[in-house]
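This report concerns only the one structure given below.
In this document, chain identifiers A, B, C, D, E, F and G correspond to the written order of the chains, with residue numbering beginning at 1 in each.
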Amino acid sequence: MTTALAATEIVSQLSAQFPGAVEEAGTDAVLVKGEHLPAVVEYLKTAAGLKFDYLNFITAVDYYSYFEVVYRLTSLEFNRYIVLKTRCYTRNKPSVLTLTGIYQGADWQEREIYDLMGISFKGHKNLKRIFLWEGFDGHPLRKDWNR
Amino acid sequence: MEPISAGALDIIQPTYWPGNYWWHWLFYTVVVIVFMLVMVIGAIYFERRAMGKMQTRLGPNRTGPFGLLQPIADAVKVLLKENIVPGVADKIVHFLAPVIAFTPVLLIFTVIPFQNGAMLADLNIGILFIVAVSSIATVGVFMAGWGSGNKYSLLGAMRNVAAVVSYEIPMVLAILGVVMVTGSLSMNDIVNAQNIPNILVQPLGFLLFFTAACAEINRSPFDLMEADSELTAGFHTEYSGMRFAMFYLVEYAEAIAMSAVISTLFLSGWRGPWLPPWLWLIIKTFFVFFLMIWVRTIMPRVRIDQLMGLAWKFLFPLAVINLFATAIEVLAWPDASQWIFVGVNIVLAGALVFLGSRLFKTGLGRVEV
Amino acid sequence: MKFENFGLGIVKGLSVAIQYVWRHALVTQYPEQRLNISRRSRGNELVWSRERCTGCATCAKACPQGVIEIVTATDMTENKYKVETYRVDTGYCIQCGLCVEACPYDALFMGYSYERAKYRRAELVQTNDELLESPQRPVSGYFHPDIAKKLPKQTLLIEKIVEKRK
Amino acid sequence: MTTTQELTLKTEPFILNIGPMHPSTHGVFRMRATLDGEVVTDIEPVFGYLHRGIEKLAEERTYTGIIPFTDRLDYLSPMSNNLGYCLAVEKLAGVKVPERGEYIRIITAELQRLANHCVAIGAMFNDAGAYFTPFLYMFRNREKIYDLFDMLCGQRVTYNYMRIGGVSQDLPEEFLPAVAKFLPQLKKFLDEYEFFVKQNEVFVARSKGVGILSKELAINCGISGPVARASGIKHDLRRDDPYSIYDRFEFDIPTAENGDCFDRFYVRVQEMRQSVRILEQAIKQVPDGPFRANVPQVIHPPAGESYAHIESPKGELGYYIVSDGSIAPYRFHIRPTSLINLGALRNMVRGWKVADLIFIFGSIDITMGEVDR
Amino acid sequence: MGQAVAFWIMAVVIVGAALAVVFLRNVFRAALLLILCFIGVAGIYITLSADFLAAVQILVYVGAISVLIILAIMMTRGIQKGSPANKLRIPAVIVAAALLGILIYAVTTSPWNVSSQPPLTDTTGPLATQLFSENGYILPVLTGATLLLVAILGAIVITRENKENKK
Amino acid sequence: MIPYQLIWLIMLLPLAAFIINGLLIRPFVQRKSKVYGFITITAIALSAVFSVWALISVMSAQDNQILVPNISWLNIGSFNFSIGIMMDQLSAIMVVVVSVVSLMVQIYSLGYMAHDDAGYYRYYTFMSLFTFSMLGLVLSNNLLFTFVFWEMVGLCSYLLIGFWFHKPSAANAAKKAFIVTRIGDFGFLAGILILYFNAHTFDIALLHNMAIAGFLGGSALTWACIGLFGGAIGKSAQFPLHVWLPDAMEGPTPVSALIHSATMVCAGVFLVARMMPLFVFSPDAIRIVAVIGGFTAIFAATMGLVANDIKRVLAYSTISQIGYMMLGLGAAGWAVAAQINSGLFMPGDEVLLLSKAAVAVGMFHLFTHAFFKALLFMGAGSVNHASGTFDMRQMGGLRKTMPWTYLTFLIGSLSLAGIWPLAGFWSKDEILATALTNQPVLFWLAIITVFLTAFYMFRAIFMTFHGKYRGGDKESGKDYSHTHESPWVMVAPLVFLALLAIGVGWWNVTGGFSNFFGAESEAGSGFMAVFNIFTHTVNGVPLPLISLLVALLGIFSAYAVYLKKWITAKSIGKVFGPLYEVVINKYYFDELYENVIVKIGLMKGLFTGFKLFDEKGVDGAVNGTAEVVVRGGKAIRQAQTGQLQLYGLVIGVGLAVIAICVLIWGR
Amino acid sequence: MIGLTHYLVLSAVLFCIGLYGALTRRNAVIILMCIELMLNAVNISLIAFSSYIVPQLLTGQIFAIFVMVVAVAEVAVGLAIILAIFRHFKDIDIDNINLLKW
């Protein structure tokens, strides 16, 4: 069974490593500050005993007041997973740092989020619409989008 | 040599023919064209039906009894379609390509004997003529590929050019073995000389020629010029209507022509007991054609570098060795019984194929980019 | 490319392919031969029972495509709703069968027939009487085991053709 | 054997559009390939020709009403899609599925895996240029499976069979005997098929060593399923994160080392054998009892979020659902196996020929319905 | 009679095709007409009862040389640019015409020692005997073979890209 | 009777192997693949079978000769090139020697070259080319082709000595071998040309007949023979061109076994034997042969005493033994020449037979020597395989771990030392007998050499196989502390050759070999002749007994010095002091060539003169011309547009002008 | 009646056309093609000589075979050079490639 990494354990490790990075720690998800995200993920991927080398998916949720970007990482070696979240509090051009340098698999998923949710990923080399055509008006998965 | 059986076509033998040269010419021209068209129709039906059977399908079965009229229905359908010429095409080249591809195929049939001496022209360079003329068909293919102004077509044409240039060499070398054994370039003489079918005397030559012929006429697994899964239809992607029908016709006519050549060179042509000679030729031709269908059924398509590698690294050395072996046999023991060579050559063929298989490998084909 | 197996692999392939010539083809020749389709088959139409329908519109709510349109009027005399219009746009129907499952009164069934192609989209919209059961519109056993029992058993395609050959 | 050779003859680069309408793009997919002669120097995939916005649509449907949409994601394995979605909702709503329902789900899911692999392997050969023969031999068996599904739920492609808390209808009485009869046939067929294909020189030449996907790259790209297992990643959610009742069955996880096209083919064949093994165990153990928990058609799961993933035939298929307590999900996200598996395509095809590009693409086994959603 | 008809047809085809090769701007079409010209030359050989050479002409020129030329055209994309003439047009015309005049004058005025014997009809065997027999042209044949080998190797070496250049 | 096609195949099969290996399959097979080896071995094995068949056929044939039709290759004008084969006793013996030894070496190489980085490809390709060339050399009936093959074996030798060309020593050795043998080849070519200008033919049989008929003679023949012998000196590493052979040991050991002991270096002997009907008419030349042979024998043997590298010991031994053969040839030829000169009238045929028979003695030693010397080299290779070095000072005690190698090496050494009843004994005995009957001085040289040979060979054996193991190669960094027997592919040829080294000598016990060559033999008949040999006397001297005793004395001395250490080598060295210095420095021959001839003679003398002439005469002229050209070039550079077509146009104009001129004035 | 002269004149015409083309075209491939034309012209005259002057000897035909050999070699090397030039200059216009000038 892929078990969740106990959030408390990882939070203490993370906050020791990156002071101020962890915004909030839920039961199964850790809320990380946007600017620390790549560093945290890099740490999670490489640190011995963690080795979260597999990115399951990235998605984003529109909560009106903020966007939440969800990352789920799995460690194939230890068969554990962790869910990271980060939030952008602005509706106008929200942005998160990209993970493409760490996981190649993040590339198209970030483009998808950009396409459908309108969150831009800073540092992404090829950030353009993936499913919809260039010139499409708006980002349809936003709650305030209407045709 | 006397004709083995007095068949229905005895009358067309030149010796019995009442008229002069031009009558002979006219008659055989008609015979050749009709023969080819009928054979192609038969071949199309035969291929679809046989492949269907082998693929647990039924094949055409609606038009006419057992679907026999399917090729005709196809032809009518294709001919009624609109002729679309792409805007960027080179119109003249696009128009001429099918015609140029079609002509040489007809010419091949002029030197194939249907009976002892029954052919349009008994050229004393018959087999060389076939090789020479069949290389013209390539021109049609790359005219089509280039004239269409389509990238798929261009890729198909370039593949064709590369393949034809490569495969002519093992093909000619394989033929040379036969020529050495029989001592003549004339197709009729070659048939007459085959008291033992050449497939036994030249087993390796047969394999090489069969492979090279398959590649030369774009039969699977060497049908890279029209690779349906990669290039949609290769060189004839942009053809429709009548011109597409021409290409379709050429494709099968070439296959039939090559089958006829193979059966003449290696399966002792029209010779055979009981049945009339022309029937034997047709039976043998269809047998060879069935081999092609059968191979097509089970083979994926090879890649272009593998195609070239096969020609240069497998067929070519084997053909050279076969040629050498045949030359030594013919020169050193001119009077020995051919049955000895049958045994020796079969063993040699097995050994060479074994060795060749061991030694022959191409790289993986990946290129550092 | 390497002839690792000295061409024996090709010979093996040839031997398998030629065996299939004698095996029967897995094909039905459609207009003459028909499959004996499943008892639970969901054809491309709905069969509606005017008698049982109460006009509750549960089906319309359940429909993910929203193709069911119900207009009801209050029938004061019998003190119940009267369905004035029951309209299904089969062109948009995806035959998921959720409406049949949702119907609390067993008033809706999947159709059993499948040759319902039309030339125009508008002809696919079926209203009221066109939805009723009739010989052309048999009822499927989908979600109704009692109906299913009455229908002929399904035989698998491959067996079916074997039977035909005998 | 060296894996590379130099490019000796350079010609002008040449851009070839493969797709969106092309015989072997498995749907409407477009690759803009930059060629150097025959060699692919770069490709750029272009998606979206089949984008239907299912994630958006789902936000306006009831939880049950979404099930038919999941059929249409990966239309070659709808049962698996249904299963994954139902698991996610059940996790969210805390529904317990009865025993018989679980078994029926496993049986259908494994049959679906067989059907999917039939298409995957067959289509892969077609992309290699085999003229339909291997494809049709596989389809012969897929047809039998589809017949079984037809018997089960009345549809041949879009089943809409699973429900939250179980399945929509009980098994018909002919079903299990038919499956039991089918499985030995399939096993025999697989032996024959391997005999037919595995040593065929041309196929081996076309597939061995071609399109190698290294283990590291596969992990980095998030590749899953048979493609990942062919690259040597022994990861299978049925074993590593057992959902439903997969922990009750004995089966192996076939893997291979090279990560080339041949391995992807071979891993799939082995997986089919393992599926047959699971099915053989499952049809013996099916208990009596209810096949569906008592769940209303319109449910109100508590607010929260859940992620459930299954090992679909193509890989890890996940559903991420955020609920706000209403009858429709607040956010519905699908982790698309095919899209993520395609992520390594560019690395895999660079330097190979056009023919290999098609073949490698075919060997990944994608469905555009799932890529574009 | 037959020979005359054949000769004039072939001559017209050859000259026409050759002129087209020289004057057409479309390189691909020029190459196609070159093939036509080669086939015409093969026809001329047949009228001269050199049947073997005619077949070889088609095999070599049409089957190999033209195909190579067309491959080169496709690879170098010379088609778009066409084949413009350079500044030497007028002097070249003069030189070519002068040479032509001289040649025709020389040819027509020379007394040719034409033999009355009929030419050999089956040339294949005699050619082989002459080329390979003991007092034949075996040394030139060997030299020719070496030349071909060297040419092939040279072509390969020239077209092969340098490893250093690439990096 | 062997069909003549098969005789052609004897030499063409290795050529086929070369072509297949070198040109056909290389793109498909890795260079380390054993396929190359198998192809070569198959070809040479067939070749060996045919050779033995040919030998048997020749023995039973009329005149001991098989006539093979010539193949006409080229006719240029009146000049007719034909390739032909001469299959007589000499060729038959040589062919068997070459193909059998080559076969054994190729099999052995499969094991020996297994760990080599360069792989089998180059090695076996060259080896089959060499075998082809060598067989061609011995089979050719034509001096020109003999020369061609002669150069080809030289080339192969060069390539194979320099097989590990990345080692500077190997590259230098290869160059040295090539250049030194070229000096001899110059003489050979000169000899051939002298003969051609006098006889107008290259055909060997014709030359023989012409010499016997008296068309050749006088100083021309003498100089031609000396020239030919010059070639033989170079190729066979005789004094004073012996310097390349010890250095040639840088090549792989099987190469040394095949080329530098058994076959190529014997080509000189073969050449002299082949041209013997010419030599006997030139007493001066044949005397030179005998004297140089005898001197080389003892001269090289002394150097063999002090070498520490086991392969060099064997190399010096080879030089010495070839000197022996030359001595044998020379002595026998001398006798014939004396007979002719004595004025006895003899019909031509008889002279021919006599002169051909004169080679029997030398050839018999060549025949036996080839087997045991190849055996010894391969044994040395086997030792190297185990210990990683050729330096005997780092070996010792290998007897226990390598029993087969030890046994076979011992047999080879005994045979070489001339111990009864091994092969070497018989052949050496013949030479001694011939020398004694004809030229006693030569006999003394020979008998001393017998002692030296026995001494240095057993020195080698005791240092290598006896005593304690001294650790093998210490520089390479690999661990050679545990020696082991070589693989069977290496041992099997050793055993086979050891059997030959024991057995082949018995051919001549009853005079079979000599009779084969047409010489009458004095040896007894029947199997008992093996034992009766000791009752034999030559000129009243019990020669076999003496030679055996001398050899045993040599072995005993070695035993005393190197195993029991009753007298140490150092003390001997002290006693002989300066002489030891000279010997260990190889008589300063390398220095002589390097410093005196090359540096002083050539560089200072000749080249300085050239330089002066160059600077003053040539440069002045050149610079002056250049100046003119540059000025002129600047002037007409404007015409050079770089546009080819303009040049073409000008050519066209020129053509037209020429044509017009011809038309106007040409008629 | 067609005689030797006809063939020779045809050959001369073909040769001069080829010459003109070779002198004036700027595309290297076309120049190569024109050279082929010239070689063919030579071949025609050789074979015409052969069959009119020494009809039983075939000398001219043998020469024609050697001319073909040379033509093949020339095309192979020529095209290789053109490809190499194209790779280097991205152009096969002869006017722009005047490295021979210094």
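The rule is simple: a residue touches a chain if its C-beta (ideal position, glycine included) is under 8 Å from a C-beta of that chain, and two chains touch if they have at least 3 such contacts.
Fair warning: this is a prediction, and the values are worked out from it, not measured in the lab.
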item	value
Steps needed, at fewest, to go from subunit C to subunit E via touching chains	2
Other chains in touch with both subunit B and subunit F	E
Where subunit D and subunit G are represented by their mean Cα positions, the distance between them in whole Å	62
Approximate Å spacing (C-alpha centroids) for the pair subunit B, subunit E	28
Intercentroid distance (Cα basis), subunit F paired with subunit A, Å	80
Where subunit C and subunit F are represented by their mean Cα positions, the distance between them in whole Å	95
Multi-chain contact sites of subunit G, meaning residues that touch two or more partners	19, 23-24, 83, 87, 94-95
Multi-chain contact sites of subunit E, meaning residues that touch two or more partners	52, 56, 64, 68, 71, 75-76, 86, 88, 92, 95-96, 99, 103, 159, 161
Interface residues, subunit D side, partner subunit C - complex	61-62, 64-69, 71, 133, 137, 140, 143-144, 147-148, 150-155, 158, 160, 168-170, 172, 174, 178, 192, 195-205, 297-298
For the subunit B and subunit C complex, residues of the former touching the latter	50, 52-58, 61, 294-295, 297-299, 302-303, 306, 309-310, 314, 353-354, 356-357, 360-362
For the subunit G and subunit F complex, residues of the former touching the latter	19, 22-24, 31, 94-95, 98-102
Subunit B partner contacts - residues on subunit D that touch it in the complex	1-7, 14, 16-17, 22-24, 35-42, 125-133, 136-137, 140, 196, 200, 202-203, 205-206, 209-210, 350-358
Of subunit B, residues touching subunit D in the complex	51, 54-57, 151-152, 155, 158-159, 220-221, 223-224, 227-232, 296-306, 361, 363-369
